[in-house]
Structures are given as C-alpha cells and as structure tokens.
Amino acid sequence: MDLLLSPPILFFLLGIIAALVRSDLEIPKPVVRLLSIYLLMSIGTYGGYKLSLGGLDGTALATIGAAMLASFAMPFVTYRVLRLKLNVADSAAVAATFGSISAVTFVTAVAFLDNQEVTYSGYMVAAMALMESPAIVSGVLLARLASSKVQVPSPQAERGESSLWREALFNGAVLVLVGSMLIGVLTGERGWTSIQPLMEEPFKGVLCIFLLDMGLVAARRLKDIRRVGVFLVLFGILAAVVQGLVGVGTAWLLGVNAGDALLLAILFGSASYIAVPAALRLALPEANPSIYVTIALAITFPFNIVLGIPMYYAIINAIGIAA
Amino acid sequence: MRAVKRIEIIIEKPHIPKVRSMLDSLGITSMTIFESVAGFGDRGDRIGSGVSDAQVMHALLTTCQPDQIDDLSAQLEPLLRRLGGLCLISDATVIRD
Amino acid sequence: MRAVKRIEIIIEKPHIPKVRSMLDSLGITSMTIFESVAGFGDRGDRIGSGVSDAQVMHALLTTCQPDQIDDLSAQLEPLLRRLGGLCLISDATVIRD
Amino acid sequence: MRAVKRIEIIIEKPHIPKVRSMLDSLGITSMTIFESVAGFGDRGDRIGSGVSDAQVMHALLTTCQPDQIDDLSAQLEPLLRRLGGLCLISDATVIRD
Amino acid sequence: MDLLLSPPILFFLLGIIAALVRSDLEIPKPVVRLLSIYLLMSIGTYGGYKLSLGGLDGTALATIGAAMLASFAMPFVTYRVLRLKLNVADSAAVAATFGSISAVTFVTAVAFLDNQEVTYSGYMVAAMALMESPAIVSGVLLARLASSKVQVPSPQAERGESSLWREALFNGAVLVLVGSMLIGVLTGERGWTSIQPLMEEPFKGVLCIFLLDMGLVAARRLKDIRRVGVFLVLFGILAAVVQGLVGVGTAWLLGVNAGDALLLAILFGSASYIAVPAALRLALPEANPSIYVTIALAITFPFNIVLGIPMYYAIINAIGIAA
Amino acid sequence: MDLLLSPPILFFLLGIIAALVRSDLEIPKPVVRLLSIYLLMSIGTYGGYKLSLGGLDGTALATIGAAMLASFAMPFVTYRVLRLKLNVADSAAVAATFGSISAVTFVTAVAFLDNQEVTYSGYMVAAMALMESPAIVSGVLLARLASSKVQVPSPQAERGESSLWREALFNGAVLVLVGSMLIGVLTGERGWTSIQPLMEEPFKGVLCIFLLDMGLVAARRLKDIRRVGVFLVLFGILAAVVQGLVGVGTAWLLGVNAGDALLLAILFGSASYIAVPAALRLALPEANPSIYVTIALAITFPFNIVLGIPMYYAIINAIGIAA
C-alpha cells in the first residue's frame, strides 16, 4: 500500500477526483505539452548520460532487439483477439496502440524505482524510443492485408504513405526522446552536470503536475467508455497484464536486473496514446480514435500507473530477479 | 468591394495539409487558420488533451470565386466523408487591396 | 450541398453548458467551439486574465435547419438577455458526409 | 431578431488599435477578437513564433447597420492596402438583449 | 522601506509600470495559469507536510473555525455598507469577494515571512482553503433574501443551484489547494523530500514572474476604475484594513504566533478574484464583474501586497504577539 | 569542436533537424514566450546583482556609450550596402535589425562563457538593453530621409509616432530586461539569494528547451529563403562577421576583459528578431517582414550561435585580450 502513497500517484488520483466531481480544474494544453516535452528530455538526456558512462553491451543490444521485436509482433496476436468484436480498422488500431508504449507510464515507473532506490540501465530509454514505431507499421500492415482486395493505391494514398513513415519515425515525441538521448551520450558528464539542475531535480515535482492533468484527462474520457463496451475495458486490462508478464518473462530470459525488468514489463504492457494515434489519424483514418485512445488513456494507463507497476515489481521480486 | 464565396472548413489538424494541397490545386492559397478549436460531432468529442494533438480540430477560413464552388465541393466531399469534418459556404463581400 | 442556417453564439465560458443543453433540447449536438476569445461590449472588456477564466468568452459555431430558427431564437433570447453575449445567424450551404 | 452586417477583419496584431479606433469613429465598439490565428497570404506565412508576436494575425468579428457599410469600406480600404489583411462582409440576423 | 525591496514586490511594480506606459509586455494566459497552479500546489504540499509533522491541536482547530466563521459572517456586515451605493446583486457580490480570500496575497505574505525568517503553522493553509467558499454561500443568500419576493425557483435555477455548490466546493483552485495539502499530509517527510526541489526552491522566483503578470493585469484594470467610482475605491482599501484588523484581533484572542497572525490578517483582509467570481458568474449573473473583480484585483490586491502586509506585521509586532 | 558539443547548441541542431525532416514537433507559443521572459529575467537580475557588487566605473560607462553609438550608427553604413539590391523600406528595416541585438544570442554566449569558466561584467546586460532601441530610430530616420519628398505627416502618422517611441523604449523585452536589472541592483545579495534557485540553476536547461524551439522556427523559415535571395543570405553572414569584428576592435580599444569582449562582439554582430520587428510593423509597415525577420532568424542567428561565438572567442584569445 505504501507504494501507492507517492505524490505523483496521489496527484493522478486528485485529477481523477476533480474530473468526477466535475470541477472546472484545467491545466492549459500548451503547458501540458511543455511538461511532456520536459519529461521526455529529462528521461532522454539522463539515459544518454548513463549510456555515455557504460555503453552498450550484449545484454543491452539483446534487450533493445527483443523490445523492437515485441512491438512489431505483439499486434499480430492481439489483432486476432480484437477481431472477435471489432472491425478491421479498429482492431488494427487497438493492436498497434498496445504494441507501442506509453512514455508517461515509463517515466512513472522510473520515479517508482527511484523511490525504491533501485537503479536501471540507460539503454532502457533507447529500448523505449525504438518500441514506439514498429507497432505502427504492424497496425497498418494488418489493416492492409485484411482489406487488400478493396484498397487501390492512388497518388493520394502514396502521399499518405510517406507521411505515415514521417509520423512513425519523426513523431515529435520520438524525436525529442532519441535526440535527447544522443545529446546525453555526446555531452557526457559535463553536459549532464550543466543541465541536471533542470533535468533531474524538479523531475518528480513536474511529474506530479503532469499526472494531475493525466488524471483529469483520463477520467473525463470515462464517459466515452459506454461507446467502448465491456469487451474493450476487459481487453484494456488483460492485454496490459498479459503483455506485461511477457515483458517480465523476456527480462528473465535476458537476465537483466530488477529495475530493467520492471521497465521492460511496463513497456510491453503499456499502450500508446501519443505517437500511435498521431500516426493512425493519417494512416488509418477509418479507425475510430474514441475507441483506441479511450482504452489506452482511460483504462490501461490508470491501471498500469496505480496497480500495474507495483504488481509487476512484486512479481519480479518474487521470481528472484536481483536489483 | 467584390462578391466572393466565404468558405469555412473544420477538419482534424493532421489533415490540414491534405486540404491545403487540394485548395492549392484550385489556386486557393490565401487563408486564415483558427488553430485548436474544440469539436463536438457524430465521431465524438475532440477537445485536444495536452498530450496529443492528433484529434484536435482546426477551422480554416478562405474565399473563392463563386464559379469555383462546384469544383471545390466535388473535391472536398469525398475527403470530408473519409476524414470527418464539415465545410460551410456562404456569400460575402470582400474589402482588400 | 444543403442549405442550413449558420449559428454563431458568443457567450461567457461558464454559461456554455447552459447553451449546450438548450441546443441539445432542439436536437443540435454537433458544433465547434472557439475557446477563449476576447470580448468587448456594453458589459466591459472580457480579455481573460490568466488568473481566472470566469469572464472569458467562447464562440460557439453550429448549424440548424432553417425551420428551427424560431424555436432557437425564442429560447436563446432570454438567456442572452440575462447572461450577456450575442447570437449571429446567417444563410449557408454545408458540404458533409 | 434584427438584420445587421456581419464584419470580419483579419489583420496583424499590432494594427488592431488602429482598426479599433477607426471602428470607434463609426460608433462600433462591441466586438469579439479571435487572437493569434495563423495567416497565409500574398505577404507570406504568419504563423507567430513564440519569440515575437509582431506578425501574428488577429480576426476581429463585429456587426454594423447595413447603411454604415459604405463608410466602413471607405475607411478600411486604404488601411488594408497599406497594412495587409482582409475584411469580409456578409448578411446576418442578430439575437440579443 | 526595506520590506518593500524584495524581488516579488518589485516585479509587481514593474508590471504596473509596464501597463501604465502601455508596453506590449504580456505573459501568456496558459502560462500564468500554470504558475498559479504551481503556487497553490507548493503552498498546499508544504502546509500538508508541516501538518504531518505537527498535527492539529486545539488552537489550530479554533483558528480554522474562526476563519470559516469570518468568511461566512463578514459579508453580512459589509453588505449593509455596500447597499448605501450599490444594488442588491452587486452589493452581495462585492461582500462575498471580501469575505473570501486571495491565495496570491497569502502566498506573498508567506514569502514575506520567509524573508523575515519567521515561521507559520501548516494549518494556516487549511484555514485558507476553508475560507474560500463560505463567503460565496453568504453572498448568494444575501441576494436571495433581498429579492425573495420576485425570484421564482425554476428547473433552470435548480440546475444552477447544484453547479453553484460545485463551483463553491470544487472550484479548481480550492481543489488543488486542499488536494495538495492532503497529499502533503499523507506522504509526509518522504513525499516532501521528493518534490521539494520543485515545490520549494524556485518558489520565490516563480512568485516574481507571477506578480509581474498580476501587476500588468491589475494596472490594466485601472481604466475600469471610473466605472467603479470613488466610493468603491475607498471601500476596497477600508474594508481591507478593517477586516485585516479584525484578523489581527482574532489572532490575538486565539493566541497564535506572529506568523500565523499575519496570515490571518491577510486572509481576513484580502478579497477573492478567482474562486468567488467563478462561482458568482453562475450564481449571480446579474452582478457586474467589472465592479467586483476590479476592486479585488486593482485596488485591494495591490494595497495588501505593497502596504497591507508590512503594516499588519508592524501592528502585530507593536501589540507584542511573539514570533 | 568541443565548443559545439554543449547541450544548448545540440538541442538547437535537433530543432533544425526536426524541422528538416518535417516532424510534427512543436513547442507551444505561450510556453516559448514564458521561456524567453525567463531568460531575460535571469540575465537581467544576475547582471543587476553583479552591478550591485561592483557599480559602474569609467570603462563600464564608455562601453555602454560605445554600444549605444554603434547601435545608432551601424545602420547608416549597412543601409548603403543594402540599397544596392533592396528598396528604401526594406533596406532601412534590415539595417535597423542588424544595428540592434539578439538577446538569445547574448544569452547563449553567456552560457558559452560559463562553460569556459570565463566571467563577464554585469554592465554588459545594461549595454545589451540600451542597444535594442537606437537602431530602431536610425531605421525609421533612414526611411524618412529617403522618402521625405513624398511622405506628408498626417494626424494618423503622428499617432503612429508616439506608438513608435513606445515600441522602441517600452517593448516588452526591453522592459523586462531593464526592469530585472534594476531589481537586481536594488535587492542586491539578499534578493539574488532568494531568486537564484529559479533564476540561475535551471538556466542552461531552459536554454536547451528554448533553443530547441529556435531551431524549429529558424529551419521552418528556411523555405522563405528563396524570397530573400543569395545577396541577402550573404549579407546576413558577412554583416554579422564584420559588425562582430568591429565589436572585437571596440572591446580592444576599451580594454575590457575577454568575456566582455565576446559579449560586445555578439551584440554588434547579432540581429534583432523581437524588439525591432515589433517596432517596425508599426513604424515601417511597408517593409517586408518576411525579408528582415528571415535573415535575422534563419541566417544570422544560427550562424552566430553555432560558428560566430566560438570564432569571435578564438580571435579574442588570439589577439591576447585577457580573461
């Protein structure tokens, strides 16, 4: 229980409560955007800085490879399940969402590890960055394969093509994350020292403000739940748990430490509501965002933040992965 | 003062480039865009969220010659059907250099 | 293309829910809201202030069937008299799915 | 309900005071301003930039009596020619206290 | 004089000057909103943290009770005075404004105490939070009582009713303040340590930026003063002083220390321009905001910030309340 | 090369790359505005604080005088060159732009000096503040002199006049800078201590976020380069270098230290894209902002940030100005 009593999680709950009592509390969008860029820069430069100290060994490369593979492959499995109830476009979109990752969930897990005084490896940030996009490709592939008879490639569509790749690879969030990490690597100890007073110290405080807003946003989405239905609510939780456990298993096979194992679980088990929706609005406009964004944001995100993180961590400890 | 058609297109932000290149092909390049408006329609609420811009709506205001309306309509309709959104056309007079 | 009435209601942000539920009762649920516009009128300047949203204006854009205008007007007038603000109605054509 | 002219002026933010004092001289003091809209026209893109507001456009919405249009047009034309921007005028009905 | 020479007050004056010379200086609204949420979170979590160390004793409870009572009762007195010149709705609105409190004035007083190296109790934050709403109820009651013959309760009005309560109790500012305080209490020392680098250290610097904006906003309101008239300008100062002195007296009766006494004076003597106007736009739309917001923001707030705080503190010292 | 490897410059390059690959990365405008106000307040209060320790000696006053003179005089020279290709209004506008200064370039040079552990004098901030406006006056004068036969002063124009002066002297950026400096002087050591956790520590981190945006904005302007033409691109670089060297020479004549010499070079060699365009939109609406803003922002600014600063500093070291 004590695990829940950290300020960021409590501010997230405060946001949920504020939305449920229909308070007029609002954190202006431009400001939330800044905070989210800050969190990405913070986690990116810190990861890069740690990489500059250690570098990439075999385990690191294997972990990154496994993460990318999972992002690409998992949607092919979840798509089958989703097709039981949803049409092609929506199934592909939800599958892509769950193949990709939620940076904010990752960031919250980092704060959790920090509270437990458990370390993690810099390359996990690289793993996160490289897991964002493969699932987008899978999602679009799945939709294409299913509707290959009808769809005729047109000049219009080809233009869409190139912008799909742009969205998948050069999405703002991906770019800031990858760029910050490279800058962290390049500038090393000296660079980190100069920006650490902004990039590290206020980190948890900023996370509080950000999660306050996420609580508001997630709970205000709850009224879209009836559009979404019981099947998808269950899917949002079960897919998180199953994929999270696959993450734990992968971590165990790779032999990483407990911190990295938690982060891998969270990457596998979280669902994207930034990079993937941005790409899908262009690549799969037929898919209904009020389905895939709602599950990711109003179901899976709160579940992971509040229950998933401590649960995966308990399992990781139980199966004896060392810190 | 000159009679023109006032055109107002409300569409998701990520689709603005598509609309602009369509307008471009009709020779319409001057316009004003009201960014990040809140949309409520058949496809749900679009109120933006700070974390993602993907669903936010923009309102694009432009003008054209009355005789361009048919072309515009023919090109815009399939786009709006596929992507959602709306276009309002009305009569107006323009004052300008 | 279909003829509609273009409706533009400018009102204080806190009163938007009242206006929306009134529109709802007429079956009007699709709309676009331009948030936080600056208002200047008989009741003073409304330029928002960062500390409080209470006085900021929103502009709500929607459409209705020409024959709904009388109902709308009857319901909106007392509201605007009490709360301030303004409604502009004009003729338009709509392109949409 | 009363017939009015709906006036929409799109102009650079720094020139808003000039436009307002011109409108003032015609007795037009009530208006709504949509701040920081993105402009695309003959004089280039005006998308604001965070560092400077000097080039950002505002859209000013107001109304006047139909018989004031000639005065307005006469005063506004030289201003728009010199400063850039655009004015759209259309027919509307107003509901208000 | 030295008391005035603190950066926050000087930035407030800079804002006033900028507005008077009609500079184009502007601090964007979304950003000001963030800063104001930050100040509330900062003061709330710190107050809660202090409460987690000490808890609530008899004096604390008595102080909070007195504060709530004052917020409810004072409007009934000031309303009489205001009715000499104003109509029912405007009198009720101004009275409610002065019964409630200004969080920014409180925050500035906290910075002032900190400069004097004088401490204050955590429960004063609770007192502030609980003083926001009673005055709103009084204001609405006053308006209802006066116009009871004419007003017929309608379904419309009843809907207004529930949203009035929502505004009064769940106003964003109130919620952030109360929520942050509870989070501070719940997470105690450990929680505070993790967020203190954001919530405490940059506090005075942020206050500078915020007060720069308040100076701009207050001075740009000055042109509405002619709408307001001499009577109300005088009221804005005299009500502040009288209510502030009632606050000093109450503090003396309660036997609190000098820091708490100053905060009590400032709570009694300050006028709300956030929570109260937000509620009154819904509950009393007949009342003219360019009256009650202008007095609170352009008269009482600058008076308290620049003169009120040092003045009350001098009086508190003079009558021998110990630090 | 190591000089380039600082996080702020690398984030600037990241912004450029993001714009070139047409990423959707965006830093919301209100937030950028806050960051730019922050940077001005930071540099202003710190400069003022240093002045409060040292005061203004003869060298200081001579430096400030020389800076103001240069701002006023340089446009008369560059105007001649520009008239070879541009019309009167555009020539005057570009000349004014280059006579004035870029605060962000100054701030980046300060961060550069800090990395080199080289100090600079507080009065350089005063020099910067006072260089903003004289060039505006020159630009308007040049345009007036050239078109004196045609232009008839009208009531309208006179109103424009007063707002020109207001823009030139009370531009938001100028006011924040001058005001912060005065506040730094007035509140001295104690004031600085109270705001230093915000005003100094996160400075370089904030600069990273800000330059990330500047990279985006500068590179997105690049497509306007074809409007601008080769002549102006060359002008944007050569004028920066020549004026920068005049700055180095002036520093040498004045006998200032190496830090001040670099800042003087940067003030002379940088071009304004905030205060000057704001004033010129009112005073010279005929001049085309997509010319003068584009050169200042997309050519001269990146040149100075990436190459100019280390280059001038190498020259300053080479000619033996001591740190």
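Per-chain numbering from 1; labels A, B, C, D, E and F assigned in written order.
Note that a contact is a pair of C-beta atoms (placed from the backbone, for glycine too) under 8 Å apart; a residue touches a chain by one contact, two chains touch by 3 or more.
In this text the structure is predicted, and so the values were computed from the model without any measurement.
Path length between chain A and chain D in the chain contact graph, taken as the least number of steps between touching chains: 2. Comparing mean CA positions across the assembly, the chain most remote from chain E is B.
Of all chains, the one whose mean C-alpha position sits at the greatest distance from that of chain D is A.
Counting C-beta pairs in contact across E-F and across C-D gives the higher total for E-F. With centres set at the average Cα position, the gap from chain B to chain F is 39 Å.
Rounded to a whole number, the gap between the C-alpha centres of chain A and chain B is 33 angstrom.
Within chain C, residues 14, 34, 53, 84, 90-91 each touch two or more of the remaining chains. Chain contacts: chain F has residues 24, 26-31, 33, 202, 278 touching two or more partner chains.
Touching chain D in their complex are the following residues of chain F: 27-33, 36, 104, 156, 159, 163, 213-214, 217, 224, 227, 273-274, 277-278, 280-282, 285-286, 288-290, 293, 297.
Residues 12, 14-15, 17-18, 36, 43-45, 48-55, 82-84 of chain D are the ones touching chain F in the complex.
Every residue of chain F that touches chain A in the complex is listed here, in rising order: 5-7, 10-11, 14, 17-18, 21-31, 115, 201-202, 204-206, 208-209, 212. Residue ranges of chain C in contact with chain B, taken from their complex: 1, 4, 6, 29-35, 61, 63, 90-97.
Across the complex, chain C is touched by residues 10, 34, 37-42, 57, 59, 73, 76-77, 80-81, 84-91 of chain B.
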